[in-house]
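There are two complexes below, and they share chain A, which is joined by chain B in the first and by chain C in the second.
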Partner chain A sequence: MKKILVIEDNPMVIKSLEFKLTKDGNDVHIAHDGREAMKFLKEGEFDLILTDLMLPFVTGNELISYIKKVYPQTPIIVLSTSTQETIIMDAFNMGVDDFITKPFSPNELSLRVKRLLAKS
Partner chain B sequence: MENSTYAPSRGFTILLVETNIIEQEKFSQIAISEEWNLVYCKSGIEAIQWLQNNSTADLLVIQEDSLPLNGFQTADYIKSELGLALPVLISVDNQLTEVRPRVHSYVEGFVKKPFHKQSLIEDINAVFSKSIEIAPAQNNRYSLNYLNEIFDGNESIIMESLGLFQTSVDSELKSLNNVLTHRDFTKIREIAHGIKPSFAMLESETGETICHLINNEAKDEEMAYLIGELQQEFNIITEQLSRDFPELNSEV
Partner chain C sequence: MKDVLHNVTAYFPEEWAWIMKINALFILLFLLLTIGLIGFIIFLRVEKNIRNDKKQAQQLLLIDFLNSFLFEEDFDKLKEIEDFRTDHLKTPLEIKVTIKEILLFHENLKGESAIALEELFLQLQLDKFVLNDLKKGNWFTVARAIYALSELGIEVSAKKIEPYLNDPKNEVRQQSQLYFLKVAKDNPLQFLDKTERPLTTWQQIYIENALKNFYQGPAPDFSIWLDHKLDTVVEFSIRMIARYNQFENIPKLLPFLKNEKESIRKEAIHALCSLEYIELLNLILPTFKQESISIKKEILRSVEQLGTFDDLKEIKPMLAAQDWELKIKYFNIEKYFFPNKKDEIHMQYLHEQEMGL
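Now for the complex of A and B:
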């Protein structure tokens, strides 16, 4: 069972991610903001991290920098409602592995997650 | 495609998606005795292909847990993508909950398995006694299609999500109005960005568009108007949700 950390503050999006990723056989942990995410990350490593970019307390970019420094091998998928090219490019430049626009297609989410978990 | 026609040529044409061989055979026997034309499809996708390649059928009976598209997803595709007013009955193994027919308003009914001749005929007659909608809930400002897709038609989780929509968006709108009084436009944009997916998940194009405008395009002086419009859209959706699902009011 793969350990996935979801960092997201929209409760409906959290519910959908938790349902889908758990159904796909993963061990899903939820952080509702950047601070909570940092606590999880200090406790141990994850096989995959899905994170929003606009988070309370610690921004998505700060979080991505931290993850890349402490767990450079952990793949990251960015969740965003934004389709702005600059935001997507910035995220990729910081080393994220993939990008999913919310609300996501369940099949697309499964495929992208499985692909990265197979690599990790 | 391997469709097989069992029954005599007169009467209804019924597409059946059922993987349980015993239930298939029972249905087939009932179809023969009632002189229905039965077309057996191995999956919802095969039923969709059959409908694309043939003149329309009179009814689709499809098992709830059909794969890769479940019964609800297949019904949704037939009505919204093919634009066919084909009545759909979902066959279920488990007990029907009271809320299920309302969550899945775009199917015409449910039939319990194991199939029994008398109840099956009653269920089918009930379908033909009501009007068939091509797309459900035409007048609603929300749709459950996406929630049905993402939650595999699980109505208790869909209901939970509707409750989350009501409580979380209501709270965020209060925050929006509060930060508006402080003219904190950066925070206003952040909040709109955060609730945009909630409207999108209920397929509220208006709500989603207003959130997008607030977050990306609107000038500071337009914010008060747009927040008012967003509040109004939310009020309409919650009124419709309360009408369609009165139990939400007691849960919130």
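Now for the complex of A and C:
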């Protein structure tokens, strides 16, 4: 069972992701904001991290920098409403492995998660 | 009145002076009023809490139901939908919460899941409730109903939505415009023919955004609405001609350079400049002096984009001494033509200082 950390503040998106990823056989942990995510990350490593960019307390970019510093091998998928090229480019430059824009297709997201987990 | 007062005060001890009785009466009245008011507030609060509890219970139920419906393969869709419809869509509150949650899911999901949600909406017969809402008088109910229809792409007879295109409320007009745009297979701006109220700036932004992000058909020929009776529609059409690079419509834009409305002239200059119509400067430079400050700025911008330094020099004598804003823009553009000019001026200043001039 792969351990996935979902960092998201939209309750509807959280529930859908939790439902879908758990159904796919993963152990899903939810952090509602950047601070909660930091707590989870300090407790241990995850197989994959799925994060929004606009988060309360600690921004998605700050989190990505932290994860890349502490767990450089952990794959990161960004799930964001932003379609701006500069934001997407910045995220990839920071080392994220995939970028999914909202609204998103849960089936597509599930496939991308599986592909990255298989790689790692 | 006198009798009523006499009857009420009869309950007080007889030895009390009349002023005491009146005071006691008012104290009693205010006490009753206060108790009534507090009771009413408590009642409202309790009712709100009960309503919120019911709302939360329905939301939790829906989250499970919708997730199972979308992602569980062994979910017996027909049976479960029928059960949900009979058991959990009894009250208007339950129906409203269900519509809101489905819309929320639909806004965040795309692909197969979004299509499945659209089908679910119809299978739960929520469209009937939304169509009933359309008949209600409250503007916010109508706006919400039209939003639900357009978000889920549910087509209804155009006659049901058309009256709202000219509703006194901006929000209702905006939702009906977006409805026609989102359900259109072609000619997405046909609703402009029936629009009689000016388009607000926000409406123009939303229409442009919906054209880009939701409408799938071929781009419309925006020149059709250049002779619309509303100036805002004409301005919007001019802007869209430039945005969609409809070079074939350049000849139709030229008359607008002489339009009596300043905002339309400005939009035409801006559009022709964006379309890189080289002849534009020959048409607008001679009238520079007579134009307003905002058009003068637009002309200067056009010179920067399409012109040469000679075109810019043509403007210099036409700048009044007190036009500081225009002068600053002029010198900025001059710097654009000669990027080293700033350094040249600075060097000359240093040289003159050295020479003691």
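The rule is short, and it goes like this: the second predicted complex is superposed on the first by the 120 of 120 C-alpha atoms of A that agree within 3 Å, B and C clash if a C-alpha of one lies under 4 Å from a C-alpha of the other, contacts with A are read in each partner's own complex, and residues count from 1 in each chain.
Here, a residue touches a chain if its C-beta (ideal position, glycine included) is under 8 Å from a C-beta of that chain, and two chains touch if they have at least 3 such contacts.
Since the structure is predicted, the reported quantities are computational estimates derived from the model, not experimental observations.
When the two complexes are overlaid on their common chain A, residue A:T86 makes contact with neither chain B nor chain C.
Contacts of A:M12 after superposition on the shared chain: both chain B and chain C are touched.
Once chain A of one complex is fitted onto chain A of the other, the partner contacts of A:Q73 are absent, as it touches neither chain B nor chain C.
In the overlay built on the shared chain, the residue A:M54 is in contact with chain B alone; chain C does not reach it.
Judged by the touch definition given at the top, the superposed model places A:K102 against both chain B and chain C.
Shared-chain residue A:K20: touches chain B and chain C both. Shared interface residues of chain A, touching chain B in one complex and chain C in the other, are 10, 12-13, 15-16, 19-20, 23, 102-103, 106. For chain A in complex with chain B, the residues that touch the partner chain are 9-13, 15-16, 19-20, 23, 54, 81-82, 84, 102-103, 106.
Per the touch definition, chain B reaches chain A in the complex via residues 146, 149-152, 154, 157, 160-161, 164-165, 168, 190, 193-198, 200-201, 216. Across the complex, chain C meets chain A through its residues 63, 67-68, 70-72, 101, 104-105, 107-114. Across the complex, chain A meets chain C through its residues 10, 12-13, 15-16, 19-20, 23, 102-108.
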